[in-house]
Amino acid sequence: MPGKLSIDSYGKSNVRVTKVIRLPDRHELVELSVNVQLWGDFSRSFTHGDNASLIATDSMKNTVYVLAKTHPMDSPESFALSLADHFVTTYPHVRRARIAADQTSWRRIDVAGRPHPTAFESAGAGIRAGWGLAARDGPRSTGASISNLLLLKTTDSAFIGFIRDRYTTLPETTDRIFATEMSVNWTYESLDIDYDAAFTRIRTALLETFARHKSDAVQQTLFDMGQAALDTEPSINQIQIDMPNKHRVPFNFKPFGLEFDNDVYITTDAPSGRISATIERE
Amino acid sequence: MPGKLSIDSYGKSNVRVTKVIRLPDRHELVELSVNVQLWGDFSRSFTHGDNASLIATDSMKNTVYVLAKTHPMDSPESFALSLADHFVTTYPHVRRARIAADQTSWRRIDVAGRPHPTAFESAGAGIRAGWGLAARDGPRSTGASISNLLLLKTTDSAFIGFIRDRYTTLPETTDRIFATEMSVNWTYESLDIDYDAAFTRIRTALLETFARHKSDAVQQTLFDMGQAALDTEPSINQIQIDMPNKHRVPFNFKPFGLEFDNDVYITTDAPSGRISATIERE
Amino acid sequence: MPGKLSIDSYGKSNVRVTKVIRLPDRHELVELSVNVQLWGDFSRSFTHGDNASLIATDSMKNTVYVLAKTHPMDSPESFALSLADHFVTTYPHVRRARIAADQTSWRRIDVAGRPHPTAFESAGAGIRAGWGLAARDGPRSTGASISNLLLLKTTDSAFIGFIRDRYTTLPETTDRIFATEMSVNWTYESLDIDYDAAFTRIRTALLETFARHKSDAVQQTLFDMGQAALDTEPSINQIQIDMPNKHRVPFNFKPFGLEFDNDVYITTDAPSGRISATIERE
Amino acid sequence: MPGKLSIDSYGKSNVRVTKVIRLPDRHELVELSVNVQLWGDFSRSFTHGDNASLIATDSMKNTVYVLAKTHPMDSPESFALSLADHFVTTYPHVRRARIAADQTSWRRIDVAGRPHPTAFESAGAGIRAGWGLAARDGPRSTGASISNLLLLKTTDSAFIGFIRDRYTTLPETTDRIFATEMSVNWTYESLDIDYDAAFTRIRTALLETFARHKSDAVQQTLFDMGQAALDTEPSINQIQIDMPNKHRVPFNFKPFGLEFDNDVYITTDAPSGRISATIERE
């Protein structure tokens, strides 16, 4: 046969776990969707159907629930790292384990103006995920991400001075809507982190900069947001940001004897611009 | 040919409009996805391809944007009713127009603890929609709905005393997780309504009741929520509620020498219970 | 309290079942997603949390799997009707049961030009569903539907002669692309039906008419398709068809010194026209 | 400020184009969703909001439609490569362009047993995509992928001999359902390719091997499928395959006094196994 195995990994996707932590005055609720991915010496399963070194993915799923019982699940990052540690320490032939956990965003329902101790509603506001990576005899690391966070500013966004050639029909504008669905991820430089606090600082820096920035290009706003995150958070040295440009297109009122006054826009999904960059600490 | 036209309607779906209202101290942002549906004398288009009485759906789309310019868009209900009125008053052969508008949920970004005047993030928290119906020489009405609102309570939910027969394996429980994706809709009894205030009162009554209720069945909680809404809001006489039971299944810890302590659950999407009812004012 | 229960039902959604029928020369594969909905005397569960008359939705789920074992599952309609019969005959307080079953569409993988006896690939081509309804001491009925079937014709579609007024900017066209995502449903007049054969005849009549029709309006094509289905299939007297107009918009080549020659279109999803009608046998 | 730009790119996502090629006896239909991504000297847009070197993403969109007019669009790969070439040859500061194009899968409607010349229905069967990469003064390359292709075999799949430890509850089985949603991608070794023919050969080799393989592990089937593709197609030296294990779980009939006979399964989506590998020519 012509081929050889060059890279392989396997694992379990979308192990969904709900944990309730019953404190005296309130319940804490954590819901994660966990992904397990392992690298190691599994090649004979591929080449010979010999499964002697395979951890069944069903057993990985069981492991997530069993560890969820004893782990405080205080952050997706710490739970992910514990799981990654488990796999590399339990199985000598596992070289590397990467666990990622998407967290469902809940907030307490307000009842008569006070957060209820045991009832929750969806919080929207993008998806937080944390990940942990452990390598046998190697480094351990953690990181986090925000994805699917819709942001929109109604002013302070211009787009002028770009290339005008045969393919250009877009007019210049000094005041447009800037809407995006932000995805951001970063790696922590240390494992001695208060993950929730760091996450909140980074998220706040990103959003406040988005709100305040006088934008001359999506690119420029993205860069300033990344700089603000690095400026705020000493535990990261690098941040990767994707900010598609989800266009709001001025409606053409001319055929109706009216003028567009930066008031009524066509909301579109496709196509969208795609702007990505990694910003590093100097 | 064997058939005759018995019911017909047509319209335009998913006309997406963004409106920015530029006040001196802040901008208001409204994003709606509008659906137009008309009933009237359009039969020759079906039977003969004679389009003389057809309003092109592209023209309906234009109409949404043109009316968006002058309408205050203070609520999806009022905008929907204005559009419905427009169609029945502009075109004599339109018998009935129903407009529904789904509103994208935005909230202001907090900057240094204060809501920013021109920058927004997604608010999650379910979809609000409003609708308006106008009939030639007939009644006009409005209503609203909440959909896709995830709710979860970690306690105060039991399920006992149900039928046990050959098909029953579910154990009784006095303490389970109750999770749902609520959809609710209602019709207003008057057109002289502060729609935002009514919506907020109904939403609050539903959520506070969900949070507080000692549930013996999803059915019972649904009924109490509907009663609370009717009790709170004199402008509605009827409310229709769907509350699927999105199960959180106790993880079986027995094979691992552990016990389930109402702590770790399998999060599932399918199958789900489906519980629906309409509650009317007596 | 102010309210009374006016309408209620409950059931189980999305019970997903895979059945393999092991014939000597090949395996048959059936995958259904089953929805159960019951009406009956369940009011004390809503009003008092008294579940003595409740069939747990978990038991409904078990019932689907248990009946799947013995039923031939030769069509979604017959399986749905058997389930509906089961609920009204087993539980005296169930007045009515409606079961709907969406079928996943598989076809055999061709191996060396012949269909493989035990291996399958996704067939696409829309979703077939069947339903069965049984009422205590009342009628039993069945029906079927096709949904999400994408159809497109590149010519033989005009749109002229529609109303031109202040809101009209759409030019007339004698040759446009006609694309739709068809949904169709019907009820059978008898229970003595070869459901697969009837389904295929109706589907074929609809698609052949779509392909052949010289369309002067989506409405007209829809009506002719419905007539063709009634003409072909004596077991139905009525058919309901939704055919949104999924627009392909001519690209404006003028700014580039080129002409649109019915060749290159912008593919869009939103907004879309929505055209619906019910056609009945005269 | 603390940060510097380390990696950046931008482009346009989801430019959707429909092209009709009007031949004497039939129309050809091509629908693509095109993604453009450029690398080059755009840093001053990020760091200074100076857009002098920016090609507006709206201009990229226009370019897709303008090139669609003259290009034969005989394959997504060739169209993608032409677009990539265009960007690196037109703009001296563009170092690299990568274009990917997802193709909507249509097949002709059969009318009276013959494929209709101008009418089409959705073909399902996974998504074909092609890509082209061009670098200034550097290599040009193309490749293709299949994604979201559902495959299922009802027998010839075992899973035995895996690790049994504290976390293992899965029983061994010599006959299970093997269902997956395959994603595969590869790079061509030459640009002198009949892309459609190569695509069909690779797809056929993968599916026939899936159908015929006596599987002792998903891993083994994946490896054999990759080997078959390399064996069949000399123009590729490497293939990357993802085959999640979409479980069909035996229904537990014991509580109902029945036996599971490899007949009725619970169809599940989550969690799923995830098996990935790259197979290279030796």
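Order of writing sets the chain letters: A, B, C and D. Residues in each chain are counted from 1.
One rule holds for everything that comes next: a contact is a pair of C-beta atoms (placed from the backbone, for glycine too) under 8 Å apart; a residue touches a chain by one contact, two chains touch by 3 or more.
Note that the structure is predicted; figures quoted are calculated from it, not measured.
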Partner chains shared by chain B and chain D (touch criterion as defined above): A, C
Pair of chains joined by more contacts [C-beta pairs], A-C or B-C: B-C
Whole-Å gap between the CA centroids of chain A and chain B: 29
Chain B and chain C, separation of their C-alpha mean positions in angstrom: 24
Gap in Å, rounded to a whole number, between the CA centres of chain C and chain A: 37
For chain A, residues contacting two or more additional chains: 16, 33, 62, 66, 167, 169, 255-256, 269-270
Of all residues in chain B, those that touch chain C in their complex: 1-16, 33, 35, 37, 42, 45-63, 66, 91, 159-163, 165, 167-170, 215-217, 219-220, 222-223, 226-227, 230-231, 238-239, 244-245, 269-282
Touching residues on chain B, where the partner in the complex is chain A: 16-22, 27, 29, 31, 33, 62, 65-66, 68-69, 105-106, 109-112, 116, 118-126, 149-156, 177, 207-208, 210-212, 248, 251, 253, 255-256, 258, 262-268
Of all residues in chain D, those that touch chain B in their complex: 166-167, 169, 255-256, 269-270
